[in-house]
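Some notes on the structure that comes next.
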Amino acid sequence: MADGFKVINTRPGRPIGVGMLGYGSMGRAHSTALQQVPQLLPLSPRLVALCGRNEGAVAQAAERYGFEGYYTDWRQLVADDRIELFCNLAPNSAHLEPCILAAQASKHVLCEKPLARTAPEAKVMLDAVTKAGVKHMTAFNLRFIPAVRYVRELIQGGALGRIYHVRAHYLSESHHPYKQTPMRWRLSKAESGSGVLGDLGSHMIDLARFLVGEISTVSGMLKTFIDERPIGGTGQRAKVDVDDAFVATLAFASGAIGTVEATKFAAGHTSQRSLEINGEQGSIRLDLERPNEVELFWAGESKGFQRVMVSERSLPSAAPWWPSGGTVATEHTYLFQMAHFLDCIERGAPVDPLGATFLDGYRVAAVCDAIIEAAESRRLVDVVYEA
Amino acid sequence: MADGFKVINTRPGRPIGVGMLGYGSMGRAHSTALQQVPQLLPLSPRLVALCGRNEGAVAQAAERYGFEGYYTDWRQLVADDRIELFCNLAPNSAHLEPCILAAQASKHVLCEKPLARTAPEAKVMLDAVTKAGVKHMTAFNLRFIPAVRYVRELIQGGALGRIYHVRAHYLSESHHPYKQTPMRWRLSKAESGSGVLGDLGSHMIDLARFLVGEISTVSGMLKTFIDERPIGGTGQRAKVDVDDAFVATLAFASGAIGTVEATKFAAGHTSQRSLEINGEQGSIRLDLERPNEVELFWAGESKGFQRVMVSERSLPSAAPWWPSGGTVATEHTYLFQMAHFLDCIERGAPVDPLGATFLDGYRVAAVCDAIIEAAESRRLVDVVYEA
Amino acid sequence: MADGFKVINTRPGRPIGVGMLGYGSMGRAHSTALQQVPQLLPLSPRLVALCGRNEGAVAQAAERYGFEGYYTDWRQLVADDRIELFCNLAPNSAHLEPCILAAQASKHVLCEKPLARTAPEAKVMLDAVTKAGVKHMTAFNLRFIPAVRYVRELIQGGALGRIYHVRAHYLSESHHPYKQTPMRWRLSKAESGSGVLGDLGSHMIDLARFLVGEISTVSGMLKTFIDERPIGGTGQRAKVDVDDAFVATLAFASGAIGTVEATKFAAGHTSQRSLEINGEQGSIRLDLERPNEVELFWAGESKGFQRVMVSERSLPSAAPWWPSGGTVATEHTYLFQMAHFLDCIERGAPVDPLGATFLDGYRVAAVCDAIIEAAESRRLVDVVYEA
Amino acid sequence: MADGFKVINTRPGRPIGVGMLGYGSMGRAHSTALQQVPQLLPLSPRLVALCGRNEGAVAQAAERYGFEGYYTDWRQLVADDRIELFCNLAPNSAHLEPCILAAQASKHVLCEKPLARTAPEAKVMLDAVTKAGVKHMTAFNLRFIPAVRYVRELIQGGALGRIYHVRAHYLSESHHPYKQTPMRWRLSKAESGSGVLGDLGSHMIDLARFLVGEISTVSGMLKTFIDERPIGGTGQRAKVDVDDAFVATLAFASGAIGTVEATKFAAGHTSQRSLEINGEQGSIRLDLERPNEVELFWAGESKGFQRVMVSERSLPSAAPWWPSGGTVATEHTYLFQMAHFLDCIERGAPVDPLGATFLDGYRVAAVCDAIIEAAESRRLVDVVYEA
């Protein structure tokens, strides 16, 4: 130490204890987010415990991610009274019980998407967190892409007027034959509920709702292109009993019509998430592979679409979360989402409409279930949202 | 004249007499095509007569387009025995009768798309030309974009393997409120049969069939956003009784699934015709606003889509129609289409599969009718093609 | 013939006799243009005679292109008194003498670019046509791309204010090793004067002048990457004594600075001609591979560049040449250029500033010579334009 | 705490004490990087002290960035024996003395770019760190964009063969009139050495060197468009005595030629950094606004450029720094750079060629000085690198 050194004794905000179930890529994403939150807001999340069944792996991850310790049984995790926020990053089949027990233990709950395997399951979860009076969030992280927030602000401000069209797709090649993907839990109905529909489609359905409003009627076609896959490391094969891809038409409560599609069989696309909205006053295009860009057209004013670099523009309402200059990557969506949720917890503020709650998770599940029903019954299906 | 001048007495090919009904923008496009054909092939179309009801206008157009004379009554035109090829560019409601009478007078027939207002009407026309034994073509000119031909050759050659997905849309803003479009014949069911579905959707449906094969099942949603429009030059308004836009899901006989959409309410788009196909061996993307480009991805080989400038590559099978270097514009699709049809007439060769015949016109109409039925009945509809 | 047929006896405009030296791809392009001109303007060019040294080839081309006859000696061609317009499409070394003799025979002269092998040679040609009092044009056809005309109108109207920057390049791969291009006249200084500089660079230099004004000072680096090439069909090799590529910096009389570059060694580019201009009020980008598009940014107004589809917008001053709707291809630049020149001949109107005259041809040659001098002397060189 | 909780007592790696001069946007970027390093590597940087002259501001930043304390005098900072790594983020005029004193105190030194105001100044710094035997880095962070690393690996592996062309530009609008930028230290020669050349041009010059090798000869044109700017908050104006923009041609030791340009007067561009390289075996394009993409063309193999999403591909040599999936933003370049430097310190490994050292900082300064000399003398200038 040298002369003139002044010690900083204070840290921004109060600590909020966090327990996390799941330590894979989502565990890493949410942990990194927790560590960066203090850069954005005067909050200091405390990484209390990570949880997973494989002790060696969870211990290693806990060290790397900066947790104070770990559990191998989620029932112990949700019983830990140092924990104020429970993050459930487990497979879909392990969403319901841990979330409900955590809520009953008065913990706030963040759950990965899709919220549940079916709409009725999601409804049970929604009722539980509502009854417990805790904060709840479904991790539809795409809402936190600055370009998406900017578009929502434009639309909420009336910039498009009446909306005519929405077209949304999520194209991936991750299950394409040339990727030689073995059996995974996401390909089993018992564990995941549905396939691409719940995994990728749910993101685009939530985005469409977030930007344009509720969906009232759907058609649907689902397809399984490869109905058996090898079980890794064994000579055996397992049955795929969920969809590899789906297409659907949508009618919105507002009168707009649209299409939504998702697939893991689109060779050449790692993660092409695209959304276009056409309205009375103009059109908006998003391609989330380029998360810093929006294309805008204003009817009667523009001569063509203009490409806006959102990252460099002042977005007043986004200000608190905004990194100073520079571009934004996928990982920031987790940061902005976590910062928002912690801020809502701290200030007692509502999580929605900016963040997706369990109500949003439930409504997306209701749309997914309607698409499945439409495909099976070969009919248009009106989406029913229980009160 | 100076010393050394050598006279050219021969012209390429024999003259084929052409009569044309309709002198608007389509008349101009097909006339320019007729005049340029000798540059491509040893054929010399003779522009015998143009026909339209407004004598002043048709006379002026005939002079400009290079016709020898004109008629004001199409019944006289189709009776002219100098005419070997009849081109019907009239509104949809005037397709059936002139085409049938021309065929009965043993003239070959080229008819603008959509072939008819309904599938049954198209079937009557198909039966008439078949019975008359004349050559027939439905002017789905997009088949003649070099990039489209190149893609067809790739797919026919097995380059994609099994096809999983097709997504096609035709986005226009021509009837968007800010364009203040008055009532037109295309907005009247009696004259056009359907709205955007037949006008723009038929192009994309034909392209999807041309590239991927027949469509077996459809869902559909149709929408009329503005249901009354002013009658130009009067204070009155007329009822719009056709669709302003539609969305549909498609199942193909081959097992592929897809979406097709067309609208005239997509602000910012003059004519955005886009098609993507994903298959077992790769993916192909077309954006026909850039008619010289194709994007290709080969599974297991490419690291990303490559943008191919088709105009500069050697396309062996396209060679006869190909302009030497340089790029291609909309107008060339009419040139290549006309050259193909005249060549088939001259050589007695089949018009399909490269060109669309009345059979293609009928099958596209059957798909359009099925989409309407699906929308009205709120069901998936299997497309029925009569023998 | 049937009842009711009315004969058209008139044709638009008076015939203008045309003689053409050169029958390769440029011969085809200019011939097609001559045949289409009547669609645009009330003019009827008469294709009197084509000229080339190989009798078999020139006779075949004359038949195909629609000429009345042909010559094998250009001195006879320019002596033909039926000819009012002489088009010189020969190699650079055959520009001077035929153009001067034609002018002295009172024929209007269109000459392919670059106008001459050197600036002094171009000056002699300019003086000859000026003295003869005939109309003259250097075929810088890129001026007639609608997007370029639109940009010129914007800039002339003050839309950019003071201009800061110009960056222009013409990237081709035509002489890249993998193309295995043999020796050609363009690679011989005696026949072409310079290499890529005169062939491709001259286009970009003329465009920069057309849009931004005269160039006052240049630096330059020239490079010959492959200095010997096989002579086709022989076992021999010839020395390449011209540049394969060049780079230069530019200072404009107006105070703007810029770069210009051209190469035939840019693998992956067939003909990438790109131009960006940045000014006080905004920026403009052109990529001529997409000749229907312009990108515009207005300072203080736009949030990003907007992509304008020029072909579909009303361009008042371009109206007479404008095809009704649809996109534009390379070949239309020849059409619009020929229509403009014939129209100027007919109306006695000035060819410039819309079309490039021999004065423009000379000034471009002066800039090219200055770039060569700069490279050789390793100095900045001020461009000198003789009166 | 609940039953089953296991405490993690270890942290990855040994602590390395860091002291940082400068707390603005660069301070934030490098601090965030320091906090994230443990996610990538078993290293635990310790944020000992931040330094700045404004006590209130530096104290607040130190709290937010997570430093243990702060100094207001950099001489005290570099004397702090807890500090092993000194990061100099101060203006250019404050690079030399602190870096040298820190090196003399045996601290490793990271210095922001450009390394110094002139090449001689940079040489003194290089000599000092060399003599002190400490690790040194010039923060040319663009080297750490994954797409750039991928391109370097390709080129080093011989993928392009002989290189013909490099074209590089950095276009910004930050000093454009419509931004109404007041006087800043970067506009004063005494504080910055040069303007856009050192600030933006140095990045592109380093990238060109990193990818293609040393530059041997340059031409240059520099321009100051606005020569006086208001001093913020006063009624006064200050003289701008540095360049607002420059253009230059480059010759490389390898025989390639190229252009480099940078400007803050390109309306519409926030930060358009673009680089294209053409070689014997193919071409590579980078547009760093899209930092996850590279465009590749292989001569004789590709039919067009392919767009590769680098973020999703396995880059073996990049593995240690690579975030699992997802896209990369500007901020990650600071993370990867810091991780590399700390790793080199820990392992005693060389910082170059992956990272830029003070030798690179000096060589870039030599090229910048040569461009200035070329502009002033109106000559080509050979770059001289002192031993």
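Here the chain labels run A, B, C and D in written order, and each chain numbers its own residues starting at 1.
Keep in mind that, in the parts below, contacts are C-beta pairs under 8 Å (C-beta built on N, C-alpha and C of every residue); 3 or more make two chains touch, one makes a residue touch a chain.
If you're wondering where the values come from, they're calculated on a predicted model, not measured in any experiment.
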item	value
Winner on C-beta contact pairs when C-D is weighed against A-C	C-D
Label of the chain whose CA centroid is most distant from the centroid of subunit B	D
Centroid spacing, where centroids are CA-atom means, of subunit B and subunit C in whole angstrom	35
Rounded Å distance between subunit A and subunit C, as computed from the means of their C-alpha atoms	55
Centre-to-centre distance between subunit D and subunit C (centres being mean Cα positions), rounded to whole Å	43
In subunit D, residues with contacts to at least two other chains	297, 302, 304-305, 309
Complex interface listing, subunit B residues touching subunit C	1-8, 10-12, 25, 28-29, 31-32, 35-36, 38-39, 49, 59, 62-73, 76-77, 79-82, 270-271, 289-292, 309, 312, 323-332
Residues of subunit A that touch subunit B when the two form their complex	164-165, 167, 169, 171, 173, 176-178, 217, 219-221, 223, 225, 245, 247-251, 255, 257-259, 261, 263, 265-269, 278-283, 297-300, 302, 304-305, 378-380
For the subunit C and subunit A complex, residues of the former touching the latter	293, 295-297, 302-309, 313
